[in-house]
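Letters A, B, C and D name the chains as they come in the text, with residue numbers starting at 1 for each one.
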Amino acid sequence: MDKQYFRQISQQTLKNPIFVQGLPGFGNVGKIAAYLLVKFCGAKPFAELYSPSFPDYVSANSKGICRLPRYEFYAAHMEKNDFLIMTGDTQPSFDDVRAHYEICGEILDFVEEKHCNLIITMGGVPITEEKAQVYVAATSSRLALEFMEKGAVIYSRGRIVGATGLMLGLAKERSLEGVCLLGTTTGFKADRGAGFSVFKFLTKAFGNEVKEGL
Amino acid sequence: MDKQYFRQISQQTLKNPIFVQGLPGFGNVGKIAAYLLVKFCGAKPFAELYSPSFPDYVSANSKGICRLPRYEFYAAHMEKNDFLIMTGDTQPSFDDVRAHYEICGEILDFVEEKHCNLIITMGGVPITEEKAQVYVAATSSRLALEFMEKGAVIYSRGRIVGATGLMLGLAKERSLEGVCLLGTTTGFKADRGAGFSVFKFLTKAFGNEVKEGL
Amino acid sequence: MDKQYFRQISQQTLKNPIFVQGLPGFGNVGKIAAYLLVKFCGAKPFAELYSPSFPDYVSANSKGICRLPRYEFYAAHMEKNDFLIMTGDTQPSFDDVRAHYEICGEILDFVEEKHCNLIITMGGVPITEEKAQVYVAATSSRLALEFMEKGAVIYSRGRIVGATGLMLGLAKERSLEGVCLLGTTTGFKADRGAGFSVFKFLTKAFGNEVKEGL
Amino acid sequence: MDKQYFRQISQQTLKNPIFVQGLPGFGNVGKIAAYLLVKFCGAKPFAELYSPSFPDYVSANSKGICRLPRYEFYAAHMEKNDFLIMTGDTQPSFDDVRAHYEICGEILDFVEEKHCNLIITMGGVPITEEKAQVYVAATSSRLALEFMEKGAVIYSRGRIVGATGLMLGLAKERSLEGVCLLGTTTGFKADRGAGFSVFKFLTKAFGNEVKEGL
């Protein structure tokens, strides 16, 4: 395999789709939030992305069947805006910065082709004292304020690393609009609470109330 | 040298060949098993693969003659299925993940060209308590079960790293079938016992009984 | 994003421009000196450079608006020579040496296109005892002596690492002339004093006296 | 700079030239031996090689004039065989294995173009007890024996890392003949004694006696 490639899993026609991304990372917040969103929306597998910049292993499932690491895209048909949700097993190797730019670029090509009019990335942000909050950064001041009014806190403290930040920066370079939602988390272990906070904020922001018992 | 290349060593016509790979790795299990198979089958040198992603050294033999690190392919003519056996001095640099994907892809091109109908990779799997076993993971549930019936244990515990796993994942992406046989080993030093277990399992699975005194 | 690219911010006609570069690095001396020069000259934003070899993060400002790391070019219209000033958020990853050569090469293409007749790079140089000085290294003996007469000390102690040195070496390969001005600094933290020394030396060398109270 | 390139310094017609390489490395033996050979033969600067895989610094000389790291080629006109001698400031980054293969390949293209009929690489080999010796490894058994008869010891202990070994391995792949001469050294600091031993062995092997007082 020389280059990344997409494999189409199903045909789906998306209406006014919003792209939502949650990958493994700090506290695994983004991935957990994306997983909850896929379940909540009953999203269907749509496409997969494979790349020679992903790590060189396969994962075996309970039946001993193995597969390459990949990104997965799910399509969810909602009342207002459809969702195109992306999650995955991994991020490219820490050292291979150029691969990060290339893969995010390929995904944005795909996202533009599907006519997504908003990019939402989800991740975790480290805090020292425990206080559950969702921070927002955006490609424009208007969008940052819009999500602040919905209850998020403006993220004005510096950097957002990895695909969570890079997708937004590269989207802006293409004049696409986007926001990044960051759940506060204290540790490196998977933080289901922070993932749930981001998921809940997102669904509420787009007009769906989540019951606490989920 | 800009790109990897194959050098043909001899002309061999293979009947229904099975591709078997054993490279250096955990406990050197894969390489030892491949070496034993080459000896057992009286396999003949067939081709060599050189790559700019292999380490930058030469090895001098007892006469002071030096050569580049390489992968070696051997052809074995058997009763039922012929074997195309691959082993080698090394794996690409740990850091150069992209090279792993590229080289495995080139090998699969070669393997498809030779009409191999099954891919078998061999390696080691770390265990804490000593118990000699051969684990199996596969590209399909049918194959995993078939090798389980022959005495292997389903490998359902996660990842298979390096070429041992990657070849299988990439084979699956091309709709090729394959299995990975993993011998249990406790340490990092060369584990001849584990290598022998995998070799013995493999030969028995394909209808050749190995005498213990080998 | 596969390749670095320039984005033009404004149209500026430069007369006999001198290219001046100050990037983050040892003691942040180069970046601080460039920043002071931009302020002192009232330089205007001119162009930006983005690259897939820059780190994979975005920076959020006080309003939560985020952007990719970049190099920034400013144009300053002066009495004698105009300045084309470059500064930036970062340098390419330490490991990706090839990217350093490529990006410096792209910048030199840009600088030649703008008819800059002199390249000045600014940086810090580590010292053990505190003594504020500006060292000079150059592409020719004539230039080194010219700046020595203006008060700099010849830098004859070995290497100049990163873009500060590489730009000069690559400029020389193109038969462009250039000097490197290095402010002495004792530590790794941002050294405003050393940055100011380099800035003051530079402005004086080109006929502008800086008042101490700046 | 995107690619390595050669710069011709002078025109030289070489008769039956032998290529001799000594680069920085273990004990700096190869570089010292090449330096002594250049001085002994009165060799003249012939060409330079620049590469984006060399480290990203410039070196300033005593006059503050700086230049990029490079490989240097010298031509020596001798009674029997002329020498094309290569030395340099550096080797490519340890991590960038692919660059090692590429640069060695480019040099071999250059060496073949100049009709060199033998490749000699010089380096150091670590030993624990001090015993000055020159080891030899070669592309063929005949050559190894030929240099053994001249007083070298067959190197049959494994690997020769970096350009010293790689040039020989790649030369062999092109059906060029070559030998590697390794001086024993105990430490990592520059070992002038070992460098002198390799130099003295080489000149004697090609019919020039070196007086001890050099």
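Everything below uses one rule, namely that contacts are C-beta pairs under 8 Å (C-beta built on N, C-alpha and C of every residue); 3 or more make two chains touch, one makes a residue touch a chain.
This is a predicted model, so every value here is computed, not measured.
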For subunit A and subunit B, chains touching each: none
Most widely separated chain from subunit D, with each centre as the mean of CA atoms: A
Type of subunit A:subunit C copy interface by residue overlap (half), same or different: different
Fitting subunit B to subunit D on CA atoms, where both chains share a sequence, rotation angle to nearest 5 degrees: 90
Separation of subunit C from subunit D, taking each centre as the mean of its C-alpha atoms, in whole Å: 37
Separation of subunit A from subunit D, taking each centre as the mean of its C-alpha atoms, in whole Å: 53
Per-residue overlap in subunit A, given as positions that touch at least 2 other chains: 95
Category of the chain touch graph - line, ring, star, complete, other: ring
Complete list of chain pairs which touch one another: A-B, A-C, B-D, C-D
Residues of subunit D touching subunit C in the complex: 1-2, 50, 52-68, 93, 95-96, 99
Interface residues, subunit D side, partner subunit B - complex: 95, 97-98, 100-102, 104-105, 136-141, 144, 148, 154-163, 165-166, 168-170, 172-173, 180
